[in-house]
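Consider the two complexes below, in which subunit A is the common component and subunit B and subunit C are the respective partners.
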Partner chain A sequence: MLTTTHTTTTDDRGAQTGVVAYLFTAAAVVLLMMLFGLLMRLEQAQLIEMGPQPFYKLMTLHGAGMVGIAGIAGAAVMWHFLRQYVALSTGILMTNLALFLAGVVMILTSVLLGDFHGAWTFLFPLPGQSMGMWSTQAAALFMAGLLVIGVGFLLLHLDIARAILARHGSLARALGWPQLFGRDDGKAPPPTIVASTMVTIVNLIGLVVGASILTMMLVNLYVPGLQIDALLAKGMIYFFGHVFINATIYMAVIAVYEILPRYTQRPWKSNRVFLASWSASTLMVMFIFPHHLLMDFAFPKWMLIMGHVIGYLNTVPILLVTGYGALMLVYRSGIRWDMSSRLLYVSLFGWAAGAMPAFIDGTISVNYVMHNTLWVPGHFHTYLLLGMLAMVFGFMYYLGKPDRDAPDGLLDRIAFWCYTGGTLGFALSFLYGGKESVARRYAVHLPEWVPYDKAGAAFALLLISGALWFMLRFFARLGQTRHDHARTPEPASCPAVTA
Partner chain B sequence: MQDTAWQASLILMSLVGLGFSYVAIQSGSRDEDYAPMQKRAYRLRLKLFWALILVFGPAMIYTLTDLPYAAALARSAQDTRTPQVIRATGHLWYWELSESHIDAGQPVEFQVSAADVNHGFGIYDPDMILVAQVQAMPGYVNTLRHTFEREGTYRILCLEYCGTVHHAMMTELTVARR
Partner chain C sequence: MSITIGPLHGRARRAARIEQLHAPGLAPASLIYLLLATPWARQWLEATMSAHMLVQIPLLAGCGFLAASALGEARQARLLAALGGPVPCLLAALLASSYWMLPRALDAALVDPLTELAKFLTLPALVGAPLALAWRPLGAIGRGFVWNNLASMLAVLGWLYLAAPVRICNSYSVFDQTHAGWSMVWLALGLFGAWLGSLFVRPLSGPNRSQTRVSTQEGQAWTT
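Moving on to the complex of A and B:
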């Protein structure tokens, strides 16, 4: 394993506290949202009885909570490593967390006290038309909560953009375009810079679009005369939602780029193929969003076909650049397997495997008979739980390990297999339900659907037990986190911008 | 279609799993000379890239030949039979259909809209398998064309979350031969 020596400053300690605060918040919220998810599966399996309204309230919290917290967890990974290359503001980092927590309180109040249950997708005009099930104020509080969280992330990404621009001069240089389109002098920015730049570009655009539609809908709640086109609103919501949740994976994968090479003692370099794939992903993540609207026949056809085509193209970088790159790194490397390296390795399997049913769902003729069935949560739970979240857990183990040779316990290894096996079984129960046409987002399931729900609930219990152990382990090691937050000297491949 | 999607997904996910398992098994002994291995791996990656293009490319294009949007136009050009037109409107939380009896083997054109919020118009066959769907949106009419070959009772389920009674927003269609 590569080792570096650092002098820890007050600023570094603040940064370290910030990252740990993010991870602590993420772990607590993820655990709570997982329990909400389990309750929903138990209700569908008819093993408990809570009724439709509490179910949809939990569903709204689970969706909004998981999307938001994935953003927080991904940001923690990205910020931790990016700070080793560029000068980031710890104040902005903590401001984002404060705004996030304020938004969470608003959303919890809206749902738990105001009974709002319009789903995290808040499709216009549902928030304003509840048939008396919730008030205008509850709907406004929910959307304002999302807006506050969005503003926090916007500030964070603006700070990241500022820091990258200060170091590299332009986003094009930070994406390695001089090396991609000109002579490859081997001085392309490291993967962390490239990935952070991509995420910052797409999230800045996505967040502005999201904030715009939220503001439009907030105005419409109180001034209904100011009409919004429902299809435009849906397009804007899915653009924002798709970009934001995808960006969480692209942030978290930085843990793989940074940590796995330390275990294999092989570099992960920004070569031309790597740079090309990240530039392509920058565009694809933004232009793929119509695959959420394939059953909106009124949407422009060329955009729907674009969503279909990009769905296929999008699998190439995932499979052949990041997934294959990890395989190259690990093959005959003599890697030392521990919880961190195991979780990071399996996370790339989870991402690549989940991308398979995802692109199949993005095929228009398949979507025609599988859209909004359980097939959809089937694929996104695969790449979010076994991909994105496994990356975060791998990072937590890496960060919490007191020294590189500290052994993992038997319970760690058991938890790993509970989590991996539980997630696969859980996701497959969703996918099989989708194959059997089980409708998505139903509080009450038909009797013939219940067996899949029971299997899903059992596997959910298994994966939650694994995740719970990962989190307990991290909490127990909070005081011992690694002290490598200090910025490393700029690598030779990362020349400073002087003008 | 659903069976094909399921089988294709399982095969592709298994292939990914096999690749990761193989490399994990081969990770123990260290090959110090990374550069030649890297070159071989890049050559293999190029082959895999072309394999992906050759497998996914035709699949991507072939599946574009049967779009539900174009189908309405293409089929109407070949099929001179006048379709039975049914207006379907989603309300919180019920479906309003202008007609619920359908002739088997005859084309039906559903003109789908919504009176209040977004709904999803999902047609389930007598075995409760989804055979067609389209979104029902306020301010838009989405045209869905389908020919029911099999007789029986079909159900319409809402496939876009629309609030507290979303799961119970169902109605029926009866398909029979005249």
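Moving on to the complex of A and C:
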């Protein structure tokens, strides 16, 4: 057993300017992307009329923008807490943000001025064969923008790897392998280190693969004679994209590991089960992506079987350990609920609920009929909105809290329910649409699909109003975010503390 | 090996020179270089595209790397400063190595003795040596970036050799080209795997302080 005890002091560390800049950027971009999403649902619901081309342009921006900004928001959470254990470079943090913004400008130019609308997946050979819908230069700008963003994240993860190695000696130690496979000396690394190490390992691999396929496709754009195997390209794109978007929630969950224990005055222990689950997921996250390729019969059979099996297995470890851990942490702790703890707690529900449709869709026989329907957007919108983003909003409320006993306003509570209820309704409109075989990525819907779209648009409006309030609250409290002060209320019946 | 800083005179200078000649790394570098220059080694290594690109060229660059690494730290620092710092050195290495990856350059080296001589001079001097000088000052992040970029671009280069619809070297067959392409892809995977794997086994320096925070002014400070 680990012999971890804890001591309490009064202050919670304020955020560095870089972290605040990340969150500010994230809030602004998320809001813009949400509005793009709403416009798409309104178009499908036939409440507005913009036409297919603007729809696909918005879809491209919405997809690429949300994936990228989820990375930025997750990185903010991870960096804020990780720097309390290891010495990270602020310069690299800001370089990543600068490269991200440069990449965003390139992507916006490509889509808005160059009319590129080949979706964030930029699947080969679509970018180079637009049939006159966009130019080669527009496609190149889009992919170069992604490459620039990838370079920024590569630098960020290299810095994190450097800092972790400087303190823990090796990635194996940072994952707690000596304690997992050897004698438990009670010196297992804390959850933040374990999670950051896992994210760094998988993202470094994903980014190298992503850079390779982006460069290959850029070459192919200008020298079409240099052909790319379309299946290889799809596999590499999905490997890179899936690892990256998965990693965002593994970064954001650090907020749960760090903040909830402050509310309950109970430590989140890195026990063997915890370490084993993170090590298992380090491996499985890299092999799960074929569950998006199950309809591609031409892929090798072993890859599809691997996607099926690992799709089942990977749903369990971290989610179960984190969910169960959070329940145990909160149970009879006397926790005083406020916006931050509420959002963090509900995020675990969102993560779990969002993973279930993927679990079902990962079954090959189900996948054949469900994968190209709205079922899949139902999965990732639940997972990202009520899981990943709820963690980020919880983190924003935590940073912005003026003092530990500052009460939440009525509007905060209303916004919480608008966001939670809106997201559930919004996701269910997708999932039910999927059940009814509504095809995804269609700008124009059949009349019998429109009622689900209308419901989806209404719930989207509700969740956006909640998110907008969270963001306004954060913007209004920007001054508080940088101060060191107590942010978390003590439990109602504070348990005995050993120092 | 001692580090010499500032001007040296007389016996001290001679002693430093003798010490320099005995520096570890210089002798192996010279030996490998001379071996590579022998007609037998040249014929053997230039017979296939894979050996030419992935054995001879890296070994020539490696000789330059070893030789520059054998210079004392102070000499390396002076040389690096004279060359403008690590970034120009890295760029020089990148450009020179890129040139020798061109099929046309390989062809020319096989038929033109002057180009062959240029290869034997520029790879150690413009690739290996600048890389050695820049390597430490690049820092952990810079070195990590170089490794990741090398792996990624080597894989892309391998694909280019595989995907090329024509025979790209007059001196080598299409079979050679395909073999070289796959070799580059596998080498890229191996290099990246080795780099990442090395991060898992690096020995711990200093005590394990994994449960303590950088700052003690935290709301939740774990101790063991």
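Just so it is clear, the second predicted complex is superposed on the first by the 465 of 499 C-alpha atoms of A that agree within 3 Å, B and C clash if a C-alpha of one lies under 4 Å from a C-alpha of the other, contacts with A are read in each partner's own complex, and residues count from 1 in each chain.
Following the convention adopted for this analysis, a residue touches a chain if its C-beta (ideal position, glycine included) is under 8 Å from a C-beta of that chain, and two chains touch if they have at least 3 such contacts.
Bear in mind that the values here come from a model prediction, so they are computed numbers and not experimental data.
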Q) For subunit A, which side has the bigger count of touched residues, subunit B or subunit C? A) B
Q: Have a look at where A:212 lands relative to subunit B and subunit C in the superposition and call it first, second, both or neither.
A: second
Q. After lining up the shared chain so the two structures overlap, which partner does A:187 touch, if you call subunit B first and subunit C second: first, second, both or neither?
A. second
Q) Between subunit B (first) and subunit C (second), which does A:195 come into contact with in this model arrangement: first, second, both, or neither? A) neither
Q. Counting only touches as set out at the top, which of subunit B and subunit C does A:334 meet: first, second, both, neither?
A. first
Q.
Quick check for you: in the superposed arrangement, does A:234 touch first (subunit B), second (subunit C), both or neither?
A. first
Q) Which positions of subunit B touch subunit A when the two form their complex? A) 1-3, 5-6, 8-9, 12-13, 16-17, 19-20, 23-24, 26-31, 34, 37-38, 41, 45, 48-49, 52, 56-57, 59-60, 63-64, 66-70, 92-93, 116-118, 120, 122, 124, 128-135, 137-144, 157-168
Q.
Looking at the complex, which residues from subunit A come into contact with subunit C?
A. 3-13, 83-87, 89, 92, 154-155, 158-159, 161-162, 165, 167-174, 186-190, 193, 201, 204-205, 207-208, 211-212, 215-216, 219, 225-228, 258, 261-262, 267, 484, 486-488
Q: Would you tell me which residues of subunit A are touching subunit B in their complex?
A: 52-53, 56, 117-119, 121, 123-126, 129-131, 133, 229-231, 234, 266, 295-298, 301, 304-305, 308-309, 312, 315-316, 319-320, 323-324, 327-328, 330-335, 337, 345-346, 348-349, 352-353, 356-357, 360-361, 363-366, 368-373, 375, 431-432, 434-437, 439-446, 448
Q: Going by the contact rule at the top, pick out the subunit C residues touching subunit A in the complex.
A: 139-141, 144-145, 148-149, 151-153, 155-156, 159-160, 163-165, 192, 196, 199-206, 208-211, 213-224
